[in-house]
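What follows is a set of structures to go through.
After this come two complexes, each holding subunit A, first together with subunit B and then together with subunit C.
Then we have the complex of A and B:
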């Protein structure tokens, strides 16, 4: 983002600010948030599905009964009773832990920041999926990490490619600090690792002595059967597990957590105290009161059904309307499908035309640090109603048809517009 | 903090974790939080003074009317309407700004973290008062800054000493990135800069081309006359101003803010998005609703009167009970008085004895990075009722008398117990 005003401090910034870049597409998203645009871009949960009268009563009761605690500073590690309740939530993905292993954070984004802060020196390598969560890439870049993508297949992160990447990076004399993975209902790829795959990935990490950072905001939002067992359920010392209430209760509360091996957890608490003193008691106790007094498993079922219906609307209309040569993943949960465009099309170059046709998505380049993703886009089905999703896909299909016409005339649209593959996270990409 | 369990990741941590240290006195504070102990240690605001029924109604109304916004992700910079309301709050300390100059943070601690993240490379110098806020020292150390203390006098940070420190540090070939100051009702010193002094400090910073970081959590909590005008009211480009609702409304909401020059503010927003995506809409809109519908200036008056009564209780009983040779500052607002013990006494060595006599304070060493502060302690009067404060001072006076007896026998108590001057922030020291 350039400024027309002169910045008198331009020569004073820390080295690390070079890794903090504004998204080129941010301005476009301001346009995309207009009500006439069907946004398949944002990752906003549909919190309207919460019963607001119930929420109001829950919070009223909290403030009348424990207001002096809810409105006071709390522990840097997080409320101890909430940490016990988090154990119940994680039991759904087969994680067992002790409340003392948990640190509550201002959203799991903050847990990502703290883990990176505690482990990564500038130049340390973090291995991530190709593609990977834009907000995690932003954190790794902000700490001047060297981010290396590892290919995925239909079962997620490929363990053979992972082992090869570790060997290659180490042969270059670099230190691999972490493997970052989203095993369930991947953002943005919409892929879920099989249980066999999880064990294979863990085995590679363990045998290389590399920490596995498991990010699991969507784990409880599967559309069929039991939630997948987390990798953390297989191993305690080698995995940091990140969880969040943003998608299962409400994102505006900003409450997530990390489960970490004992020594790591101690460091994370020190880092958290430095970063924010303590997470909000108000948000934490709101969630705690909600979990203690409301049928939260039923609420998660409501969310599952809502998102399944929207996933179905997306997949059906993609099937019906997308031009030949377009492919997409079929998510079994979560918020996202990952689309690959026909040969010769560029998702980022196409975005302004899409927005002018009143549909928005996130171009694939945002999910890579290396300029890949030009042929991809992330479609979110979490927020718009099913009928709006169908309308959005209809508009998008028309835009792609139009681009195909241009490509047929000029050979390709790639490179017709500037596009350097660097994006930074923005809340609407969460 | 040492762990009995072996940490398999002990060789993997980032260099910066060396700057993250657990407080040696943390264990003692666990004891000190027992109800029979009079704690003059913590900086917890007395949020019980809020009308909890009013708070419950305010939040109910918010959730029923705007629940879908309050519980959703928001902007990384913070809610735009709250940012406008913050202008009204800052008008009390004569700061004028544009809402776009403001970034809302998870408590002003997070603003401290972000400013340091954006400006400081390892080894950069930050000049701070002697003593300074323990949570700020923790942040500067976590970013591997070289913290240099500058003496205060009765009017606060000494501008001549400041200019000398800048010259000395620069002569050593080091880069001074910031001057960190708490001009009003200083934590822990209980001193307030005169308006003349503020202009002098600003002039030194400007002529050296060094950024001034003005931390003002207590500015509205003065006990007589108008709130002091902030340094930021004198200059826009050279000052970052940090404000907070933690002491004027409630700390458990974790809402603070920074006002920064335009180019800096852009960088802070990018850093904030990487750190937490966005501040909590739930907390922000709670405050916004409160400011819009409740007489918040009256609430601040209530807090002022409450804290003045407690300050009076503290100063009166110190006057009445403290042994000769003990001195203390007389705060005109805020939460703290800074005590200097008689020659030969060590506040940290004395703390276990004080806690065993059921009174707690924060030893002065926590507010220095260089081992100074052995003869000092911070006394907080914000949380206990006046009668408890008097009882606490009575116990403390007896402990000091006892230490004086030991010192008379053995010469001094300094060094009788290990004490290396390194403390890290903990929420109860806020």
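Then we have the complex of A and C:
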């Protein structure tokens, strides 16, 4: 007789891997990748809208003219010319900086990781919106931070609740290291902070002496008027700004950046060098070449129009088809709407039924660390064509009707499924 | 050159498990055959692919609906293609757990008492009174499961009256019928069965000891979360009885080639039949490959033998 746990290293893993397990929810997302399923779950940008011949030309020119540089190691801080170009991109959201204030990263996800790495000890508190970006929660969890959610209202993170949360956490003897916020076209809530609200949040952070981490991947993807001015435009010392080309150019190139005060930036560069030596020169120079030679502002307009049409398809279908008691946010940009289900329904309990009816979404619980979010789901409109979105909402409405029947029989479906470790789709799922 | 087609994926919630099983069996087979081993998902293009490829044998490694409910196997039969494993009719019997349990009970095997009801019954008769009655009838704890499907998806243990409605909702999320089964406390074992030209053989029993106490989806597919003992720590008498039941289940359900029967051994040493899988999982953490390894058998060689057997079987069936 022999005994095995099928992993000889099972007793060697760090504690932080405790939540890294196979997940029933992730298994369901695997089905969502099938073409029969209308996936309103993933957040993949619709990169098919890029002019691929133009991209091929850009890459070809890069390799022929600067191949030896593009295929070589680069600086840990990132290509200096690209950093200058990033200033032009950030000018759209009124951020001014010096190229030396910027560190280029492998997507802004890596910037999130680096910032957390240099600031947070295990047990340090990070304040986040309720709900918050699942990828950020994953990073904070990996560094064993104590994540505390702060309520939002129609204008985003509530400054009064923020101040109260800071006071409460400090009264417990804990150290608050960061406030993490997505002010524009929030993932997953689809809400945008007003300019007044941004100033209020900044004032709370400054008065408490807490760093504000501003994540702005969707800032240029608004559907109405000028892009909202970033919080970083109001303050250079108290805010770290994270930007990304994933949604405005191409997510597959994995290029993002952080703008940080001098002392912080020095630490971020050293941390980046220890993590990856340098971000991909090839990707950086591809982006740089693209920005230098292609009409990137026009491409962003193309994306804006495409996503606006899809947002409209989603909102019109929700209005037309959703059962009474269902509510949703009306995003003015970005990729997501946050749906609140009728009383008594649990989005997580409902997911298997939805997938069997060939429609997928992300249950709200994935955007919380504390088990909240059962009543909610995130719907993404970025990837499916408008007609598919309409069909997806038709299917979803029928699923919700069915679930209302189950809830009527058994009282409720809320909180009936235990929590899995990983409740959002893998990044390569639409 | 011959070609064999491994079918995996599909639209069931066990798609991911099936894809991993499929890749594993395809890789194992490639090492031992001088033939093209192809892999395909089950989608709208499948029939045309089968017609174009005309594989010498199909290896369905599909879990959950369509794969295990017999539908796809009936399609393969209608196309006169050889395939490994149960016929559609037999797979259907195994897939519907209450049906399989009834057949095994008729054959004299102990199986926990069970009730299987659709949501409509609860809606029409009133859930509260019905659940109270079932609780009195079966006694707590009660296992609640979807009446079909695998990987423990939608399964819960009901230990208190308050647990019961949520457990039912969880099961109905995966299946039209939910089954409520008497809970038997004991040692969980899986007996893999292999049918070759030499007959039907039970492989060494695999004893399952999940760290969490429950062999749920996480415990099944996260390496390190479950301890397996192979062969199971059972007396020789109990081991022999488990093997007999697994072979009997294979026969009673009319299965072919391979199957896996899950049993619970209670404190008195009595094995209780839970279910039989006509398409056992073949992933890195699955039970069937562990049993094969314990028997000194190689997944690729076994699959190759089953393929050859299936081809001959098909020739006999369609030339008769």
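As a convention for this text, the second predicted complex is superposed on the first by the 404 of 430 C-alpha atoms of A that agree within 3 Å, B and C clash if a C-alpha of one lies under 4 Å from a C-alpha of the other, contacts with A are read in each partner's own complex, and residues count from 1 in each chain.
Quick note on the criterion: a contact is a pair of C-beta atoms (placed from the backbone, for glycine too) under 8 Å apart; a residue touches a chain by one contact, two chains touch by 3 or more.
Just so we're clear, the structure is a prediction, and the values are computed from it rather than from any experiment.
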Partner chain(s) touched by A:22 [first = subunit B, second = subunit C, both, neither]: both
Touching partner for A:35 - first (subunit B), second (subunit C), both, neither: second
Subunit B versus subunit C as contact partner of A:406, first or second or both or neither: second
Touched partner set for A:10, first subunit B, second subunit C, both or neither: both
Subunit B versus subunit C, judged by how many residues of subunit A each one touches: B
First, second, both or neither for A:275, with subunit B first and subunit C second: first
Common interface positions of subunit A, toward subunit B and toward subunit C: 1, 3, 5-7, 9-10, 13, 21-22
Contacting residues of subunit B [partner subunit A, same complex]: 1, 3, 5, 7-10, 12-17, 20-22, 44-45, 47-48, 50, 52-53, 55-57, 59-60, 63-64, 67-76, 106-107, 109-110, 113, 117-121, 124, 135, 138-139, 142, 177, 211, 237-238, 246, 250-254, 261-264, 266-267, 270-271, 273-283, 286, 424-428, 430
Residues of subunit C defined as touching subunit A within the complex: 9, 11-17, 19, 41, 43-44, 119, 122-123, 127, 151, 153-154, 165-170, 172-174, 217-218, 220-233, 284-285, 290, 294
Complex contacts: residues of subunit A adjacent to subunit C: 1-7, 9-10, 13, 21-24, 26-28, 30-31, 34-37, 349-353, 355-356, 358, 405-413, 415-417, 420-421
